[in-house]
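In what follows, chain A forms one complex with chain B and a second complex with chain C.
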Partner chain A sequence: MRYLKNVLYFIGLPVLLVVMWWALTLGPTNFFVPKPLVLAQTFWDVWVGERFWTDFVPSIQRLVIGLVATIVLGVIFGVLIGSFRWLRSFTEPMLEFFRAIPPPVLVPLLMLLVGINDQMKIIVIVSGAIWPVLLNTIEGVRAVDPVLSDTSKTYKITGFPRLRYLVLPGASPQIMTGVRQSTSIALILMVISEMFGSSSGLGFTIVLFQRGFAIPEMWSGIVVLGLVGIALSLISQFIERRVLRWYNGLKEVQHDG
Partner chain B sequence: MKKSILIGIATLSVITLSACGASGMPAPAESGGAAAPTAITVGVIPIVDTAPIWLGNEQGFFAEEGLDLTVQVTTGGAAAVPGVVSGDYAFAFGNLVSVMVARDAGLDLRYVANGNSTAGTPDFGAIIVRGDSPITSASDLAGKTVSVNNLQNIGDTTIRQVVEDDGGDSSTIQFVEVAFPDAEAAVENSQVDAAWILAPFLNSAVANGARVISYNFAEFDADLDIAGYFTSGETIMNDPELVTKFQTAMNRSLEYAQANPDEVRRIVTTYTSMTADQLQTMVLPAFRVNFNIPAATKLGAAAVKFGTIKTAPDLTVMLP
Partner chain C sequence: MMVNHPEGIAADSTGAPPMLSVKGLRKVYQVDGGEIEAVRNLTFDIAPGQLVCVVGPSGAGKTTLLKCIAGLLSPTSGSIELRGEPVVGPPHSMAVVFQEYGRSLYPWMSVRANIELPLKNQGMPRAERKKLVDEALAAVELSHVPNSYPWQLSGGMQQRVAIARAVAYKPQILLMDEPFAAVDAQTRADLEDLVRNIWQKLGVTIIFITHDIDESVYLGERVLVLSNSPTVVQEDLTIDLPVERDQLTTRSSARFTELRAHVYEQIQLAKAGTLTGAVPVVKKRRK
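Let's look at the complex of A and B:
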């Protein structure tokens, strides 16, 4: 019963919106406004078949590689910078500087330096998506419980065991927050990286449809992006729940007490 | 529970309002009143190709027809189309393939005046390769990576035809999008094998050692018209007087520009960042009043052949 209610909540608003959209576009509409039935048909025609392999899969591959690189690099550098006060003071101004650069302006430069290839697109994703993971990791590492930190020092837990059993778990709630933010940024940058110097991918296809005035096809690509966004959020929620099970449990106990 | 419904309704109404904003688009009814000049906005790309309209505006050709012209800078023909459809732009500048594609998709766009045409050989647009590239002719481009500014447009359509005419298999060319300002560097760093590039970037590329493989417009057809000024079929039906006035002023501007290349070179420095030195050595496009129908027919046929559009355009409707 509760499960059913949750499902209804989940699909309630989308269904309502689609019905309203359908009702509003019953009459003659502007060329650029899509109609739900046409869009559904187009969605099927465009994305089920060859295009799934030539555009959708390469995009998702780049996105996944970019995200994994983002998380790995963000956590490694975040732990390093968060662990040493001098390194933090040393790197902070630079981090703020690079963080403020919008990755799309780097695309032409990266095209020159790296080339018109997948690496360029992955670098664009990483260069923009790394900041939430990196900064949250730094904060998470800094904020490790001092009592636990002192305790582990007393027990001479240092080096890798300290990282494995104290620092990373202690920072993991913050790291996961960063990962969730990075995921949506990575999706946006995946699209942007494909808008220049590309010949495959979701962003490329959407721009191509837009320029060819294939308006329903263009909207169908945007729907695909939205669905990918939902899928990513569900996956990251699932992972977060597993990784942070101890943390959520702890919070519940604290609330009960 | 009640609260969540309220929030839902609020969200819906916002979405509804924005949807109305997108679709509600009454075209401003421009009366051909004799006294006050009619204000019109024309969307153009700030490149050498559009010099005539800037010149004509400066020379007062549009004012003499009772038009108060505002030249609005856009990023490309495709970007100007929504403006024309919504009536924000009375007219816009765009290339023939862009308009063919729009017509193919069901948008009723029609040209009212010519814009610019190929200058012959040498031309203002070309396919370039690195100085030491093994590519020596258009047919060598088969199987290679070639950059164009926009895919499925006039660049790749004419290049494919030129390659076919030279005996190459155009279906094996891989086209990628690189903006004209970045194309020289992409060739120089071997990120693409060849690039389609327009002046003034063409001039600097050649000066830095790049080699021209083909002047693709001129080789496609020596009389090819590249672009022109278009409007919606609706405007042509509802306001023929406005269209005639614009045509008269625009045609005068084209003739003036063709007769006064030094004026063209001067005006270009006022709306682009090009310098007088750059323009001195630059090949200017040809400006003429009448469209060349055989060349446009050939372009339409090539666009169909290479899958840019589905059906050949009806040029009797599309061209003035």
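Let's look at the complex of A and C:
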């Protein structure tokens, strides 16, 4: 019963919007505004079949590789920078500088340096998406409770065990916040990296359709991106609920008390 | 009779080599705008198996002393020796129970995992670990909640978990830093008896830091009264109450009242003594 209610809440607004959209486009419409039924038909025709393998899958592969690299590198460097004060003072000005550069401007540069290939696209994703994970990890590592840190020292939990049992779990709420933000940036950059000099991928396909005035097809690509966004958010919620079970429970207790 | 050692020599006279020996301990914190002398000169020995309470006015550098003994802070001068070995970092055979129980247990681990972690970290085999954890849980009467998270338990129960973790670790010396300051009076009485109980069963040396005069007299075999900051040993007092203690009869005995009054007097003296010294007392915050 509760499950059913949640499902209804989840699909309620989308259904409402589609119905409104359908009603508003019953009459004659602008060429660039598709009708829901036409779009649904186009969606099926375009994305179920060859394009799924030639454009959707490569995009998702690059996104996943980019995101994994982002998280791994962000956490490693975040732990290092967060653990050593001198390293923090040393790197902070550079971090601020690189963070301020909008990643899309790196695309032309990387095209020249790396070439037009998958590596370039992955580097674009990582270079833009790493900041939330990196900065949140630094903060999380710095905020490890001093009492818990002393406790670990007195029990001789140092070095790698300290990282595994104290630092990483302690920083995990902030790391997860960073991962969530990085995920949405990675999706945006995946599309942008494919819009320039590319021959496959969702971003490439959308631009291709737009240039050929295949308007419903273009819209169907945008719908695919929206669905990918929902899927990513569901996956990260699922992981978060498992990894941060203790944290959510602790917060609840503290709010009651 | 009361034994008074103003010069700070151990009240213990068994002649055995001391478990812990603190000589001329001084700790000065560097802060913005100069130095703050938290501990001036502390010298005392603690015999193996003794239960010593350290009591002093708030801000007397009790926590500084504990952190120095635990190897978490290095003294400015003076020496600390544990079984004849100088303390330079956290010693192997020592466990510490902190006041902030909510912040000394790993909130992402179950009660069992919290107690088990130091043993696991030593590379102890699983079966042995399980046995020690079960024993420790039984000793603090928490055998029914091994899989709960610490924050699901009451404050007193959380502190029991911290004590169980220390007990399972089988330390030779157990440091407790105002462990019951943040729990309610009833729980506190129970926990005091628990500490006496564990001490008697395990024969571990315990240094129990508190600001509560009654608690120090009730728990200790010996009470070290610290002066106000900058700290010296104001008095070293042997508590000649019977070994078997009871919240009701012990606390209402004439001797208890006498000792309590004596410690109270000493604390008042300690407070008054610093008015001439007039050194600002800053609690060191570590970040």
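Observations, loosely collected:
Everything that follows uses one rule, which is that the second predicted complex is superposed on the first by the 251 of 257 C-alpha atoms of A that agree within 3 Å, B and C clash if a C-alpha of one lies under 4 Å from a C-alpha of the other, contacts with A are read in each partner's own complex, and residues count from 1 in each chain.
As a working rule, contacts are C-beta pairs under 8 Å (C-beta built on N, C-alpha and C of every residue); 3 or more make two chains touch, one makes a residue touch a chain.
Quick caveat, the model's predicted, so the values are computed rather than measured.
When the shared chain is aligned, no partner comes close enough to touch A:53: not chain B, not chain C.
Shared-chain residue A:147: touches chain C; no touch with chain B. Of the two partner chains placed by superposition, only chain C is touched by A:165; chain B is not. Contact with neither chain B nor chain C is seen for A:44 once the two complexes are overlaid on the shared chain.
Using the contact criterion defined above for the overlaid structures, shared-chain residue A:90 touches neither chain B nor chain C, since it reaches no partner. By the document's definition of touching, neither partner reaches A:238: not chain B, not chain C. Once the two complexes are overlaid on the shared chain, A:250 sits against chain C while remaining clear of chain B.
In the superposition on chain A, contact is made by A:111 with chain B only, not with chain C. Residues 8, 11-12, 15-16, 19, 22-23, 25, 78, 81-82, 85-86, 98, 101-102, 104-107, 147, 150-153, 174-179, 182, 185-186, 189, 191-192 of chain B are the ones that touch chain A when the two sit in their complex. Listing the residues of chain C that touch chain A in their complex gives 67, 70-72, 89-90, 92, 94-96, 98, 100, 103-104, 106-109, 117-118, 121-122, 149, 151-152, 169, 286-287. Across the complex, chain B is touched by residues 13, 16-17, 20-21, 24, 29-33, 108, 111-112, 115-116, 196-199, 204, 208, 210-215 of chain A. In the complex of the two chains, the chain A residues touching chain C come out as 145-148, 150-151, 153-157, 161, 165-166, 169-170, 172, 246-247, 249-250, 253-254.
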